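The structures considered in this document are given below.
First chain A sits with chain B, and in the next complex the same chain sits with chain C.
Showing the complex of A and B:
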């Protein structure tokens, strides 16, 4: 599994203010949930991929995410393709089954809608790591606080993100330890065998995470977390002209998107 | 006649996906019945190298053979029957609801006959002094007992070679003594033992061969006497010989390398007018 940690340094995206990137992220989220038309979602995907390459991020995490997502995508596609109530029949499959909304035909609209739903999830999957991989966690924390997100909530979010790489590392170590016990995760074989093998990974991982969280709690308490004080930050964040430009562009995009949606564009 | 080679590394290089080369052109033979300690600073490549011994890592170039079989083409689950690996943190290995189930898990996954599994579990419980704990939940055990259980799990696959990654880390004195006693017993039964440790007195007391790693290369190799006699070289590698060795040198012993307190006492008795009462128990290092 890919590592969700800072990967982009000295790229235009890394130089943007954390707040700018959070606003960009929110706009993409809203737009991708607003539309169901394959064309509009493809355009958003192209925008996010362009940002990925501008950020000079490696393509390996993208490949790993897609490998992970492949089976989910296939299931979503099958469900949407067969159960979307389309009008342009392409292939006759069987008798209609009204109880589950199956018309008996493979429809063009079903295929397009299925693809759109898959791409919608791809956009959501890519845009969040894009944010994390281009923003150091202290900057992300500062951005959240400056956007008036309560400090405790911002702390929870950034702590969860900062723990991800260590959980991924521990997961790899546990997997190695279990392989040494004769357990195989990748072999073919029965589903039950694979399920048992995953238990051997999940139990030590979850128990380890609980232990870590207890240690973190003690460390936080010993450093007076939650004390009623006015918090100051070591880092300073300031908008640059590029930030203003990106935010303006994001809001313009959002406005156009909402207007199009209100006028009935971008949906089947 | 020398013992047969069980693990052979030929010009092994290993490059992590992030581009860091952790192992540089290492060639090494491990013989049946060896008791080898790998020492070196953190990041010197000890763990990376020994993870090649059971196929957890495959060399980027060069080859590693285990009992004549190239690890590159073999799964870890297959090699784990030849090379057992006990991780530093036993909690990474344990997940079952009882000690007996934990030991039985590996053989069951390898489709060993259930009757043989039961017999194996009973014999290991007996051998490792875990019989009274057979129905206890692994996470209710002390760290020392969890470490013993991790060894039991490796033992259940009946490997010829055992690799222990920092077996005494986090253990108190008696815990360390207990786990090292267990490793010694395995060695006395003919198993080949490889340990990674930062504890030089343990190396001096238990190992028969020492390999010092530095920056992904073997910097020194030999018996504990040979390695610990090179005090200055060790210091240049940020390592330190056992205190008793350094004390003997400070007191002027230069003809041999003293590794243990009993040796030190023997030597002192030849030099000083002191006598140790017969039968008096000497402290362990």
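Showing the complex of A and C:
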């Protein structure tokens, strides 16, 4: 299964502060949920894709993500195209079937609304990876801390990230050990086999990791975790004039979007 | 001893040196603050890391859903009874990071971590015997489904019924609630399986209904999608809950035997 990691180096987007990118992400997410008009959502998609290409990101992850969400996109499209209560009839399909709410026609509004919802899904799914692919994870975590997320919570996230390789390693070792005992992790296996495999992996993985937590707790206490001192960071982040420009642009976009929505634009 | 009159908030005098008339220099040690709702932050961090790893391991492919059910669905269902209310924080941390690293498992997009947070919160509050808060959270989750006008369509009232209604009943009815909690805390061999099954229903129901509600708001899915697919989703949820029960019992028994951090043990003490 594919995962998302830093792909963009030395691009204008990569040089932006993590907080700026988080604000941009939030603004796009809010705007895409505000509008249901195809035109507005297409404009947002164009903006996100433009950012994608400015960041010089490869198109392969986009294709992989599209394949992954193809199923749900098709379902959303079918449901909206056939059952959205439109008024402009385009294609006659069959007699009306009131029991399932089908008018017998494909309507213009149904098609436009269905496409708008599919594009909404695309925007939602690619906007977060866009940020991750242009921001190293430590910078992302620092951005969250700088945005006043409680330190204990940020600590849990950063510690989880740093523990990830060792737990992945442990998971691989357990899988190998269980394979020796005849438990199959083959993806082509039967449903019950997969279930058994999941159980045989999770229980030893959780128990082993919890044992490690004892050591981590001792280490944290010995270093006076939570002591009332001013915390400093290895990485420092500062807003540049470009960051301020991007944040101002994002807020302007949000304000315009909210104003348009209040005045009834951008919705069916 | 001037220090004794200070409020013992951040720093505390170490007890062995507090002898009257002692001339030994006061040694001040820091009182550990590494806990959230009774659970060690180290354990929560480990759980978050486990959650991220589990997000990368596909368990069951689910047609009609964005991607597949990964092992983190099982972890969400059992998190409340292992970590208590702090499960919400561990799940949220793990959910945010795994959403960043493996975005395919979250059909609700960047807010997908909220679903696993709610799952851990309701089950954790129930386990901590904060049943009023757990019931309020569950009612809010069920209510948020019905706030959307899409949910007023034919048959949409059935969607939250199967497991969320059972979860709410388990939380609200006192004899059932006490029985479930006692069976898990005491690890009664005869009744534990059913009790863990009930707990997994509470954790998973909160998660999946929050997901459904968010997806419904985002994509305006009508009854023509939800009602015909309802039996299918009940089947998927049943499989997840059953798998979570098997894992949950194994983990509870294992953690207690190994004397590792476990919320029911804290309650027992």
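Note that in this section the second predicted complex is superposed on the first by the 181 of 268 C-alpha atoms of A that agree within 3 Å, B and C clash if a C-alpha of one lies under 4 Å from a C-alpha of the other, contacts with A are read in each partner's own complex, and residues count from 1 in each chain.
FYI, a contact is a pair of C-beta atoms (placed from the backbone, for glycine too) under 8 Å apart; a residue touches a chain by one contact, two chains touch by 3 or more.
All values derive from a computational prediction rather than experimental measurement.
Residue contacts after overlaying the shared chain place A:180 against chain B, while chain C stays out of touching range. Touch criterion met: A:155 reaches chain C, while chain B stays clear of it. Counting the residues of chain A that each partner touches, chain B and chain C differ, and the larger count belongs to C. Looking at the shared chain after the overlay, A:258 reaches neither chain B nor chain C.
Of the two partner chains placed by superposition, chain B and chain C are both touched by A:199.
Of the two partner chains, both chain B and chain C are touched by A:207. With both structures placed on the common chain, the touch criterion links A:235 to neither chain B nor chain C.
Where the contact sets of chain A with chain B and with chain C meet, they give residues 187, 199, 203, 207.
Across the interface of their complex, chain B is touched by residues 170, 173-174, 176-184, 187, 193, 196-197, 199-200, 203-204, 207-208 of chain A.
Put simply, chain B touches chain A in their complex at residues 51, 54, 56, 75-77, 80-81, 84-85, 87, 89, 91-95, 105-107, 109-110, 139, 153-154, 157. Contacts from chain A toward chain C in the complex involve residues 1-5, 25, 29, 33, 36, 65, 68-69, 71-72, 75-76, 79-80, 82-84, 100-101, 113, 117, 120-121, 124-125, 127-129, 132, 137, 140, 152-153, 155-157, 159-161, 163-164, 167-168, 171, 187, 191, 194-195, 198-199, 201-203, 205-207, 209-214, 216-217, 220-221, 224-228. Those residues of chain C that touch chain A in the complex are listed here as 10, 30, 32-34, 36, 40-46, 48-54, 56-60, 63-67, 71, 74-75, 89-90, 92-94, 96-97, 99-104, 107, 109-111, 154, 217-225, 239, 243, 246-247, 250-251, 254-255, 258, 260-261.
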